[in-house]
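Each in structure tokens, the structures are laid out below.
Shared between the two complexes below is chain A, which pairs with chain B and chain C, respectively.
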Partner chain A sequence: MATTFTLIKTYTLATATASFDFTSIPSTFTDLCLKLSTRSDYTQIYDPIGLQINGDTTSTYYTRRLYGNGATATSDAPSNPSTVAAIGLSVGASSTASTFGNLEVYFPNAFGSTQKSFSCDAASENNATTAYATFTANLWTGTAAISSLKILSANGTANFVTYSSASLYGILKA
Partner chain B sequence: MAGATYTPIASTTIGTAITTVSFSSISGTFTDLVLVYSTKSQGGYDYQNSSITFNGDTGTNYSYTQLYGDGSSAASNRQSSQNNILVGVDIGTTQAGKFSVNILNIMNYSNTTTYKTLMTRKNATPSLVSTAVGLWRSTAAITSMTISRDDSNGFSVGSTFALYGIAAA
Partner chain C sequence: METRIEINCTTGEVTEIELTQAELDQRETDRIAYEMEQANKEAKAADKATARTALLQRLGITEAEAELLK
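Take a look at the complex of A and B:
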């Protein structure tokens, strides 16, 4: 029986770090799935997580976001376009201690020659007054195969703290 | 490396525009199914819906609840006793070069005791982000599924569909 969802690389931070960088991603798969467990030192209860593909820092990323905070549901467009894709709200330094946010990104046809659409789900539950569940629809208008990914705090100054982790999986369809 | 799960069952890449895609003879050896499809419609709009039916059932045995946003406002709706479930969106020709992303999780699909439920994530950047849950009121094991465009415009060339099986421990 075929096996897919193959682990390409995983990082678990031993020290605070500004970004996770996946490079030389093999093109032997059809899809990619990125799973994050993160907390940052950004002094808010949340931290907006960003993603860049193939080192592209130009305004080529579009996002439509749908999120709830425990009281209201909202939709906005944090990347329209932007130099970074807004992929979800994770946990910041003002959240309950020891809580980490979850975030999953799915890239179908990651190595094709069309613009890259990807789907992101995130949660930052922390047993407090406010937490965020976010769903985002993302687009990178680049048409190159994905060969590298950078995940960073989209506010530009924060670090991911110790024990934050990121894992990248390759998926091969039938 | 993980064991044999998330197993590829079948996939299709559209070579000639068509309005339906079917997977048949789905084995009952898994516990859950995942369907990933990335599509473009031949219609001249930003996006439109696509739907799913199971085992050829086109009766009014489906219901769903959606939550969606367009980048400026969020809303929710639901429909009961439908002929299908609106599980996906397909980006139209107005958005050149862009394809949608739709990811369905179909739980406990092969049991013959309970009705079947699914969750879906629908993405049509830069127009729509949505999530939905659906119900098929049948106790039959799912052995086939058909994904259909919700209008007469076909899935465009290059649209992809992939079905995976998930096995519980």
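Take a look at the complex of A and C:
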């Protein structure tokens, strides 16, 4: 049980943007939790969300993924290692208008000196047959304390749309 | 103009920053990598479907009959 679960910072987009970048994350916690509510202009019903730590764009991210779309369930490992951690599928432009996907990422021992594992769960939203639920286990092989997080649309083209939001929480002694 | 939102967790300052050429190049790299991964995934799925169809033909059973074996 967490001793504290403190909102560090939250932000809701007023204009479309390529990424949320949390910088200068205080190291006064033990764990971090990131909560997203996003929709992008990617021309699919889904949008693959990516995450990078401490500005690291090298091939240091590994992902194991389990996801379902209402018809089939799939387990796979996207191209590993990758330059971005695949943390889940959110909502793209072809999903029902004004719907947003939700996604949570939990970073235990975010400020230690070992490689960082983190887990993610996501659900997209769509008033149709197909929508996605995603669960991933991720690893960043960097060993530095987490000081910044970049959240982006991993397909390299899309922008998060207005009213997408990101909230970062600090947890002490979970 | 493509931008990113930088949220400084210590000062609370939020800044909208125009992407640099290097960041735009990185997005293009990400796009190509993602499209290649999707193409590979689709090719594997197509290969599997082709192999399944061929196997069903060799066995002389229909797709519906194969479902009964699951």
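As a convention for this text, the second predicted complex is superposed on the first by the 169 of 174 C-alpha atoms of A that agree within 3 Å, B and C clash if a C-alpha of one lies under 4 Å from a C-alpha of the other, contacts with A are read in each partner's own complex, and residues count from 1 in each chain.
Convention: a residue touches a chain if its C-beta (ideal position, glycine included) is under 8 Å from a C-beta of that chain, and two chains touch if they have at least 3 such contacts.
Just so you know, these numbers come straight off a predicted model, no measurement behind them.
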So, after the overlay on chain A, do chain B and chain C clash or fit? They fit
Superposed angle chain B/chain A/chain C, CA centres, nearest 10 degrees, is 110
Under the stated touch criterion, which partner chain does A:S94 make contact with: chain B (first), chain C (second), both, or neither? neither
Inset, instruction - Would you check which partner chain A:N69 touches, where first means chain B only, second means chain C only, and both and neither mean what they say? - result: neither
Winner on chain A touched-residue count between chain B and chain C: chain B
- Which of the two partners, first being chain B and second being chain C, lies in contact with A:N102: first, second, both, or neither? neither
Check: With the two structures laid over each other on chain A, which partner does A:S119 touch: chain B (first), chain C (second), both, or neither?
Finding: first
_With both complexes superposed on chain A, which partner does A:S165 reach: first (chain B), second (chain C), both or neither?_
neither
Tell me the contact category for A:S37 with respect to chain B and chain C: first, second, both or neither. neither
Rounded to whole Å, the nearest C-alpha atoms of chain B and chain C in the superposition sit apart by 11
The answer for chain C against chain A in the complex is residues 2-12, 14, 16, 19, 23, 26-35, 37
Interface with chain C, chain A side, in the complex: residues 8-9, 11, 13, 15, 17-26, 48, 50, 57, 78-79, 82-84, 150, 152, 154-157, 159, 166, 168
Listed in rising order, chain A residues that touch chain B in their complex are 1-7, 30-31, 62-66, 73-77, 80, 106, 108-109, 114-115, 117-119, 121, 135-139, 141, 143, 171-174
The chain B residues in contact with chain A across the complex are 1-11, 36-38, 67-74, 76, 97-101, 103, 121-131, 158, 160, 162-164
